[in-house]
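By letter and in written order, the chains are A, B, C, D and E; residue numbering begins at 1 in each of them.
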Amino acid sequence: MSMIKAHHLAVSYGHGEAALKVVKDVSFEVQKGETFGLVGESGCGKSTILGALAGRNKQWTGTLEIDGEEIGQKRTRSQLAKQQLVFQDPFGSIHPRHTIGRTLLEPLEIHGKDRRQERIEKVLTDVGLPLNFRYRYPHQLSGGQRQRVAIARALILEPKILLLDEPTSALDVSIQAEILNLLKDLREREQLTYILVSHDLAVVAHLCDRVAIMQSGGFVEVATRQQLLENTVEHPYTRILMDGSRGYVSERRKSDSAALPA
Amino acid sequence: TPKDELVIAIMMTTMRGLDPHEINQLEAAEVVANLYDRLIALPPDNIADPQPSLAESWTISEDGKTFTFKIRQGVTFHSGNPVTARDVEWSLHRLVKLGLAPSTDLRQWGFSAKNVDELIRAEDDHTLVLQTPEVWNPNLILYSLASYSTSIVDSVFLATKEKDGDWARNYLQTADAGSGPYSLVTWRSNQLLIADAFKDYWKGMPAMRRVYMGHVPESSAQRLQIDAGDVDIATRLSSTDLAGLERDGKVTVQKVPGFGFYYLALNQKDEILSNPKVREAFRYLIDYDGLANSVMKYYGTKQQTIIPAGLPGASDAMPYKLDIDTAKQLLAEAGYPDGFSKVYFAQPGTPESEVGISLQNNAAKAGIKLDLQIGDQIGKFRARQFELFSSRTGERLPDPHAVLQSYATNANNADDSKLAGLVAWRSAWDVPKDIQDMVIAAAHETDAEKRDALYARINEAYLRASPALVTSFQRTDPKAVRNEVKGYVGHPTWLTRWDTVTKSE
Amino acid sequence: MAKSGTFSNLHDWLISEEFTSARQARLHSIYLAWLSLLANPLAFAGFAVVFLLVVVAALAPVIAFHDPFTQDFAIALQAPSSVHWFGTDEFGRDVFSRLIYGARTTLYITILVTVIVAPIGFVIGATAGYLGGWVDVVLMRITDIFLSFPSLVLALAFSAALGPGIENAVIAIALTVWPPIARLARAETLTFRHADFVIAAELQGAGTGRILLRHIVPLCAPSIIVRLTLNMSSIILTAAGLGFLGLGAQPPMAEWGAMAASGRQYLLDAWWLTTVPGIAILTVSLAFNLLGDGLRDIMDPRNG
Amino acid sequence: MANTSDTILTVESMSVEFPTLSGVTTAVRDVSFSVGREKIGIIGESGSGKSTTGRAIMRLQPPQAIVEASRMQFEDIDLLTATEEEMRAIRGRRIAMILQDPKYSLNPVMTVGEQISETVILHERATPKEARSRTLAMLERVNIRDPERVFDLYPHEVSGGMGQRIMISMMLIAQPSLIIADEPTSALDVTVRQQVLSILDDLVVERNIGLIFISHDLNLVRSFCDRVIIMYAGRVVETIAAADLDQAQHPYTRGLLNALPSLDNPKDRLEVLRRDPAWLEN
Amino acid sequence: MSIIQTSETSAPRKSALPKAAGKVVTSFVVILTTLLGLMMITFTVGRMVPADPVIAVIGDQADQATYDRVYKEMGLDRPIYVQFAGYLSDVVHLDFGQSIITKQPVSKDLARVFPATIELATLATIIGAGLGIPLGVIAAVRKGTWVDHVARVVGLLGYSTPIFWLGTIVILVFYAYLGAIPPGGRIYLYDEGIVQARTNFILIDSALGGHWDVFRSALHHIIAPAVILGYASMAYLSRMTRSFMLEQMRQEYILTARAKGLGQRPIVWRHAFRNIRVQLLTVIALAYCGLLDGTVLIETVFAWPGLGSYLTSALFFADMNAVLGSVLLIGIISIAINLLSDIVYRFIDPRTR
């Protein structure tokens, strides 16, 4: 069953002459429980696609179907609850003057849910945070802890889809590992569907089943995880990105010794 | 200041134009007094004695209705034109026909735009005939012709300045066309006025070559400046500053008497305030002595009766003093033992605001809560939309009639009769008929002795009527003059002259 | 600080970040602010004076040992003495007592204006900033119109129009104070408008009202509070200026500006009449400024 | 690798402390290392004291910071006793520093050329004209195609990659013998990063100077540097040749390596770093 | 790495100047609506003032007939919107009506009083900026030292002093006790009428005419009010400069400059200060407009015949034409100053070019 279906999706910013088409005609489908990756350089439109899916960018054309339901530019509250966004920067995505408890309470109030304390406790446990963290303010938390809070906030409405916009790129490697593991666990436990944006192919390959490689608003290639790991991607641009995630390739050394162990 | 120049510090904010037939206030009148001459002059030291000025002499007909004036020859305006009876005729017509505030000076005797052409005529260049529609005490007419409002303007010159039949009104606001001892050089509103001595003045060129009037609104600034010798005369000083100056001895303070009062008006449309006992109670709530020794020291003299001191019929009876208990008792008798609350409008500026604040304080002690609002509320007073109002008046005729007409006549107390010039009407006070009749009779009375007696009776009756207009002080206008300045004599009807001024070392 | 046992326990409890309740979390942040206030002597001095002002205003009848309204011309304009600490005025009223009661007026005006202005300024500014588009254009146009009057002129015009009186002065001053607040609220809102946590709330379905009140208010609050505190000084000065021009508080109410203004008539004989209330205005307004300046350092580190 | 033994900088037991409201924080503790004519990487988690170390070498720590060391020798100069004036002569001239984000580390209201030539004018008393030609040459050296045009551009008019190349030319124009680069490429895209790094690489090798390369990207440091210093909570836990990184001994280093997802070496679950309090003692 | 907000976000009321011609039109419309709103408010307020304009003309004692006639003459019998429309159409024809106080065309009055105020405000701004900006820079550079604290107290005192009171005290001390300054006004009364009014800036006129004694007299008069106003503006400018500088000194590019080996002085002046010039300009413009405020009180204290005292007395006596004319002028000035600072802004700041 496909959870997300985007058909000829195009997204733009601005109006009239200043209008800028940032995502140009992309189509994809994500199955329930699948993780779909989006990779590409800064400004190629990754976040914009997520924004359109999340209901943030309303200037899109094409068709969007989420959980079997066709979605319009305006959404109802329950439609909004179906997918939740996790942002890149854990320092900017949590209200600095709300305690964690307050941050988690907020969506429950909006949606008028019951058993609030219980839900908060559950979700804190789910993301592996001590319960008394709910009295803390974000500045008293580390980056990784904040990102857990952000994930908890996204989960508390029991969505079907998590849209992850570079969820670990602001974090240290060691913390990144924890978050990636957490995401993996949650996916299994809650039967979640992910779309993961990253510029690091290694991260994407770690978590995703399929990856769309983007360049200036369009997909250049949709590769499977297998293709990435086996280095059998087709597009040269994908290859450059793969090199990049391995580190620095010395031009001099390249010319010194033509062959480099693969 | 230089020896042949005179510097006067005034508060200029109320000086609105210099057209003698339009202005209505003291500072402008002093300027007009010096830019223009009038048919008759009233010497400041003997104010009730009309003296020739532009009129060399005059005769009054037997029936008391026709006045014939002989116009002085050889007098010229600042423009060089000779002063003739035609100018006098044109000037007086202008005053009446423009019909602005000062025109009351003639209109109250029955002159109107309709009849003035006929009643005021130049027989020839040197003879002016003035007929009154009714018989009035002749002094009233002569005094009126000595008022700043009857200043004689240069009709020939103004003919060139006239636009759209405006009687050169626009031009005269900021210029002069007179024959007085000074001619206007500059006037910048709220800043300064410069006048130069007129070389060809008929009484000879004045000693002060140039006169400056500077806008110095602050009392303390005026005091500092006169003390330092930066100005010669200061006219807006608080009592404290005047006392201070007097102490230091460099300056003499003149208390120029005026024919007006500090009054408290109680709106008679108000049920409480129209109670005679309540009115009476207010007379006991004024701290006559306290004020007289402080803020009113230079601004007034205690006077509780309605005829100003120095005029026929005046009395020095002082039946009232501050007496909270009596006031309380009167209020209780009136049925207000617990007092009441009223809104009280007082005029801004010293000493009116202090008088108001003092009254408020005493009233509070008697249980009357006054919501004092200090500000320019004359419009509300005129429209009878007030509860209590206090201010001061200043009349320019040295005759009891001037004050009494306003304070003691109210021919029709209806709202729509709009006798808004009269403070009695404004207070909605239906003045007892007998008092009103006596006031009218006295104005028509030509026999001086009978008239004096009549005024004495009016004065007494008025006091007994517990009037809606509570008068406490007779107005005086203080002027501080440096000792080296001689001959500057404050004039009770605002016609202070500069041509008599000299300076010693 | 003396560290007796209970105090240091309390201190530790307050300073600890291992919260066990929401109340502790709140008290913790208040306590930290208090500590940084203590660490900033100038701001603390400002706070102390403001605190003193409040105490004096509250206890005016106890502190003032003369009636501030009783007149007696016999003792008018007396120089400061042991009976009348700051002398008497032109009506023989005790200046010290009037000064004490004047604290009430000052506080009353300041608080009332602030209470009126803060919500209005915030709602207008935040709405404009958050909604953008034509709402922004219209609201900011109105704000600009009010801003392009010099504020004293505007206050002057309005209180002249509304008539003298303290309530009218409050309204007039409020009219001049809200536009900068609205501007500030808008600027602040704009910086948060596209913040991720606001977007997160939007994507969860929060309405405009909720976002403004729950999310934007707490963020704008520090800088608006700082601005309001600094404004209190200018409110005091404007009120005094109005009092000086004869608007504002009406007799017999004691108001420092009016006292200083009416004292000017007696400047040369009774210097205390102008000097004393002037210094009072200066002190209190300086105190608010010091406090506001300190609060800025404490609450709004961005402005250093 | 050339002249690794030729030591440029020696740091022995350096500590940096910051007094704060709640006591003194030690940002760097007892750190010792030396730099030769090589590319030495410093890696570690956020807050482990990498930048603080870099700045302390240039004596550019915030005024309230307290720096202590038993020895800080740069070539012939004792950095511990050098006066501020001497330091100024060293900064930019002999030790240069490249910061993370060109968008913020270039003065927005001065032209690029002006900012570069300022260094030459300052340190070599060059005339403006000389400075200009030196600048143009340097710009060319960092592969900027139209130096004349770029000279008069303002920082907001250049892209991130170009900005970082400008930064490099500004810092290398006075021919320093040591460069401290604090995450010089983390604001850049993968492709641009490659270009910038290779320019830096070339210059360092060509001029035979030392480079301290601060980064938190293990793969990058491993492939770019000669030696790696690993920092944890203000301490150096290990110093190792880049090529031997995979054989690192310290559990922290090992933990970091294992936490890394890798294309070449996929794992189902990533290993999570287990922090040992014993690491804090040395 | 993280989404970093641009530094412009907190900049008050300034956006980049419109670039296209269409936007010039928009900003023109904006200015016009502002002015219109300004006048509407003023007009309404003016009509609410309790003082009766008719009585201001005819005085208290006049009778009702006179009152009614003048009331009609002044057009007060028409509905207020008709009066406003009439006023607007006059304004379009550059006719601001006549003042009832001065009996002069308002435009002529303004031409007289406005230069006096400008002269005062300009000198005050020069004093304020000349002292305030360096003080602010020094305070920022020496943040936390006694210099900073002193600068802070001096600055905050300037914010906190009731200007009318300070004026009064200055007159008391410097005129009454020391005799060092004149008591008020623009020049001595007996120097009046000597200088030919060309620009109405007395300093300029007297210099042009070579009347150096009058020039000295004018300078002597302007010093005290200008210093008092300048102090207030210095206080404001030094505080703003300080916080702008602090913000800049925290920026990365300062670290770059230090890493280059630059000394403190070039870092402060060549790098940091250059970055705040634009903001400073805006603030100076604001301060200048704010001074028009201060002049209302200071002109009263020093009997300075400027716009502030003109406007105040016009308000008190319900002189509507004068009030409207003055407010319109003030509005235009503040808009013009802001516009000007916008334009200069574009020349200084490369980012907006």
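Basically, contacts are C-beta pairs under 8 Å (C-beta built on N, C-alpha and C of every residue); 3 or more make two chains touch, one makes a residue touch a chain.
Quick caveat: nothing in here was measured; it's all calculated off a predicted structure.
Contact with both chain A and chain E is made by C, D. The fewest steps needed to get from chain A to chain B, moving only between touching chains, is 2.
With centres computed as the average of Cα coordinates, no chain lies farther from chain A than B. The geometric centre of chain C is 49 Å away from that of chain D, both derived from CA atoms.
Between chain B and chain E the centroid-to-centroid distance comes to 41 Å (mean Cα coordinates, whole Å). Note on chain placement: the centre of chain A and the centre of chain D lie 32 Å apart, centres being C-alpha means. Residues of chain A found to touch two or more other chains are 89, 92.
Annotation for chain D: no residues touch 2 or more other chains. Touching of two or more other chains is recorded for residues 163, 196, 264, 267-268 of chain C. Per the touch definition, chain A reaches chain D in the complex via residues 41-42, 143, 172-178, 180-181, 184, 199-203, 205-206, 228-229, 231, 240-252.
Per the touch definition, chain E reaches chain C in the complex via residues 3, 5, 9-13, 30, 33-34, 37-38, 41-42, 45-46, 48-51, 143, 149, 152-153, 156-157, 159-166, 168-169, 172, 176, 243, 246-247, 250, 289-290, 292-294, 296-297, 300, 311-312, 315-316, 323, 327, 330-331, 334-335. By the touch criterion stated above, chain E contacts chain B in their complex at residues 50-52, 54-67, 69-70, 99-104, 109, 112, 171-172, 175-176, 179, 182-185, 188-190, 192-193, 300-301, 303, 305, 309-310, 313, 316-317. The residues of chain B lying in touch with chain C in their complex are 218-220, 223-224, 238, 240-241, 243-244, 287, 289-291, 293-295, 348, 350, 353-354, 356-358, 360-362, 364, 371-375. On chain C, the positions that touch chain E within their shared complex are 42, 141-142, 144-153, 156-158, 160-163, 183-184, 187-188, 190-191, 196, 230, 233-234, 237, 240-241, 244-245, 257, 260-261, 264, 267-268, 271, 274-275, 278, 281-282, 285-286, 288-290, 293, 302-304.
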